[in-house]
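Report on the following structure.
Each chain gets a letter, A, B, C and D, in the order it is written, and its residues are counted from 1.
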Amino acid sequence: MKKYMHDLVITANEKLNNQYFLLKLTLNSTLPDMLPGQFAEVLIDDSPTTFLRRPISINYVDKQKNELWLLVQKVGDGTIKMAEYPIGKTLNLVYPLGNSFSNLLPNKKNVLLIGGGVGIAPMLMLGADLKEKGFEPVFLLGARSEKDLLELTDFTQYGQVFTTTEDGSHGEKGYVTQHSILTKQKFDKIYTCGPTPMMKAVASYATKNGIECEASLENMMACGIGACLCCVEDTKDGHKCVCTEGPVFNIKDLKWQI
Amino acid sequence: MADLNINLGGLALKNPVMTASGTFGYGFEFEDFVDLSRIGGIIVKGTTIRHREGNPYPRMAETPSGMLNAVGLQNKGVDYFINKIYPDLEKVNTNVIVNVSGSTIDDYVETAEKLAYLSHIPAIELNISCPNVKQGGMAFGTCAGSAEEVVKAVRKAYPKHMMVKLSPNVTDIAEIARAVEFAGADSVSLINTLLGMAVDAKTRKPVLSTVTGGLSGPCVKPVALRMVWQTAKAVNIPVVGLGGIMNATDAIEFFLAGASAIQIGTANFIDPTITMKVIDGINEYLDENGFGSIKDIIGALEIAD
Amino acid sequence: MADLNINLGGLALKNPVMTASGTFGYGFEFEDFVDLSRIGGIIVKGTTIRHREGNPYPRMAETPSGMLNAVGLQNKGVDYFINKIYPDLEKVNTNVIVNVSGSTIDDYVETAEKLAYLSHIPAIELNISCPNVKQGGMAFGTCAGSAEEVVKAVRKAYPKHMMVKLSPNVTDIAEIARAVEFAGADSVSLINTLLGMAVDAKTRKPVLSTVTGGLSGPCVKPVALRMVWQTAKAVNIPVVGLGGIMNATDAIEFFLAGASAIQIGTANFIDPTITMKVIDGINEYLDENGFGSIKDIIGALEIAD
Amino acid sequence: MKKYMHDLVITANEKLNNQYFLLKLTLNSTLPDMLPGQFAEVLIDDSPTTFLRRPISINYVDKQKNELWLLVQKVGDGTIKMAEYPIGKTLNLVYPLGNSFSNLLPNKKNVLLIGGGVGIAPMLMLGADLKEKGFEPVFLLGARSEKDLLELTDFTQYGQVFTTTEDGSHGEKGYVTQHSILTKQKFDKIYTCGPTPMMKAVASYATKNGIECEASLENMMACGIGACLCCVEDTKDGHKCVCTEGPVFNIKDLKWQI
């Protein structure tokens, strides 16, 4: 898939809560094709503390509006700077990068998308894609509390949404892997993205129940395009680059202790 | 349009801009961003006699105006390179140079011997300066005696252009450069990464799995420039300068200090199109300042007496 | 309020934050910005046996996340210091330490002898690592043998705490540190500046009058941290860490790597109140993380095996 | 004189022409006392290319409005960034630094202030101060062309203004030292600030005519407060710090070849 370095222009920067914001970007020509699970390397220009680009998942592509969405959590200097970017500012992206969630086979149509924290970001694009392809994705989204559950109205456009919160303020109280839907319904395939402990719990559940499962991993990246070999995950087949051979891995290939 | 051609100790470069080993993959990773045939030389990943998994994760830390890496020479070994990667590289219309690393002199010699047969590889870059693996060759590169020994051994086995990459983690780089010249190197490249370290105050752990790693990026440029200047005065073979080059002006500074060619490393991560911009920028500089050829500015630094 | 007291090889510090020589003048320059008595130790300018004019202008170049200086030990000599500056320093209620430089062993010895008589100077910092003057001592500091020799000689002449400041421009800093320990140093401080260079592409001249100069600031922090870690493992005397410390978090990183105290240099130029902020920040870190004393984090880096 | 580190707030940022802009700053308490010839070290925050502070002369202090003026020329990254600073932004200053132009003795009241380029900056404050003390300063300002002659209306408030431009578009054509006022009128004292070649020409004129002359020098500075010894000028009395023993020097103490 062809990669680009483009200057995109910010059309919206919505503060979702104290921690999260949603950037909408447009390009002066048609946005390139992107797949669910792919990411962009964002240049934080003019910042003395952020030398390298920052990897951010493609949250959604609005083809009608020629808009690319990035859902971002403020964790350090780079993301805090991005949160303040005004409409009209130019953002330099290298994208789309990485592999993608694999295509759903017609015989695996009971599909569950589990997202936690900022890991819900690629799930929106994946859900929209699945829906477009005629599947009925089910979402299971986890967060600390109600205010951390983001883009719920967007998600409900593409499928049924179940939620858990740690404080019980929305949906079921507890972690995603404790949600009753997992016992009530049988799934053929799980896609997940979120904090590593959550993904490991999901992987453990999937393995025990013989469900195919793909997880999107995070990692410290320098180049994002497979050149530096900084971002490896130790797989059963040796070190693999999360930026090119991932970020999406089938959990059976990982060496997770689950 | 100034003349950018360089004869680097017998190796013809269409322009003096190369890519640094370990920062440009095998070149293909950048094909969407640059025209590989416009680059003066592509130095591919550190290659060893056998497959190496490299160091455990995490391998990278960001630092002020730079980064630390602890990749540890991950590569599939020279045979895999020859059989699986080289055939594609044959189609790349520029100098493709292989960076050779090893743990023992025999490793270096054997790897170089195998590469000598590849018609489309006009040169190797002998990496006697990798700080990221216990036997990564940095021990060779930090002492004139052992540097001389390994270069002499490879010289016997490798008839084409042999560039030797020097470690900056030494008291006197000019001394090492002279030893390497004496041992038969056709050129020297410098600097490899400075040995550094990052600590996470929150977790109270090192950031890198290997505790220490190699520092690169603009933060090292002043040290690199100094070493290139010292080395260019000390040896008669050409010097290839690198370390923190982010734009054409940085490159010009290295030429003035005595480099006959330059390499671009970490900058490729920030801007994958940077090689093209640097080539164009050098050309503009020469035109604007009335120089007909890149050769006019090599070592042209005016030192007051 | 954690306990910030440190016994640095017999030298009592009320807290482990000192100021680096050549970056804090004689302290008075900062009186409008800081309460000098709150600082753990003030290391004053490099002092030599005789008056020195230092290097010609220009002496400074800005670099990515750092700066180069080529001051060249400008000072009015030890006698002037004793007669004109010391009387005022006697009123400063903290450890005032004199950084001693020289061109010959005799210079060092003579200067140290004179300073030994000053009751309010509890220690000297022997600078065997100044890169900015031809005979600035860097030659002493880049070889274990000569480092040992000068330290031994001064040891005989100076009975109080002798801190020895090491040069980072060496292949193996731990080796030099061991030699210096053996010769009788009470502590070592590191790093002095890295030897660097800046070139002006427009004028095609070096930026500094001396061509090369000393690199300092955040850009050198990864190298400094690595050297402090290597040295703390190699010697039994306390290690004083410096190089690029800009805030309390940076300081914590040095303690974790094994420093018993730290010095703040270039950061004083960016924020003249920085010493106060770092002292407060260290205290906050200890409180927040449940440490009762600064001693709890010295060398506390957890290394996976 | 006591020095401070203060966060000042920008109340105006006036673009004077393509190269120059005037920043007006205020403080939430009364501005400290400052003398003509002193300068401030300005922190360019959040810029990867400007690590050190930038020295800028005090252009004027409006005590009524509690405003400090900085007249700045765009020459590199730091000053280009400052030119874009919006009203309301906070600017961190270490100030006031350096010595000052020496007081004018009552027997030297025929005083000429010669400024060139951005070197006119301290001349405004000096002129205002002299006027306040009852002197009648005469200004001689030089520039490339009319559009580079700045703050003329401000200067005329404090004394007679003569100008030269290199292209003759305003005042007399040529350099300041060629202006006819120098032959027509006799001065007892000259204060000057501007490009070094200009100041050397002024110094040469002053020396030949036995006129006392003070010049404000520029230099690369790291600390601005006498701690680093980076900013020396070679004087007849050895190396002196431009930041504390200057920036104003009596030309008879300098080693200029004139």
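As a working rule, a residue touches a chain if its C-beta (ideal position, glycine included) is under 8 Å from a C-beta of that chain, and two chains touch if they have at least 3 such contacts.
Every value quoted in this text rests on a predicted model; they were computed, and no experiment measured them.
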Distance between chain centroids, defined by C-alpha means - chain B, chain C (Å): 34
Distance from chain D to chain B - Cα centre to Cα centre, in angstrom: 48
Rounded Å distance between chain A and chain B, as computed from the means of their C-alpha atoms: 36
Interface hub residues of chain A, defined as touching at least two other chains: 48, 51
Chain C: positions in contact with at least two other chains: 63-66, 217
Chain contact topology (line, ring, star, complete or other): ring
Touching pairs - complete list by chain label: A-B, A-D, B-C, C-D
Chain B partner contacts - residues on chain C that touch it in the complex: 63-66, 68, 142-143, 169-172, 194-199, 201, 203-206, 209, 211-212, 215, 217-223, 225-226, 229, 244, 249, 252-253, 256-257, 285, 297, 300-304
Residues of chain B that touch chain A when the two form their complex: 22-25, 29-30, 32-33, 45, 53-54, 56-67, 69, 71, 74, 217, 266, 268-273
Contact set on chain D toward chain A in their complex: 46-48, 51
Partner chain C, residues of chain D touching it in the complex: 2-5, 43, 48-53, 94, 219-234, 238-239, 244
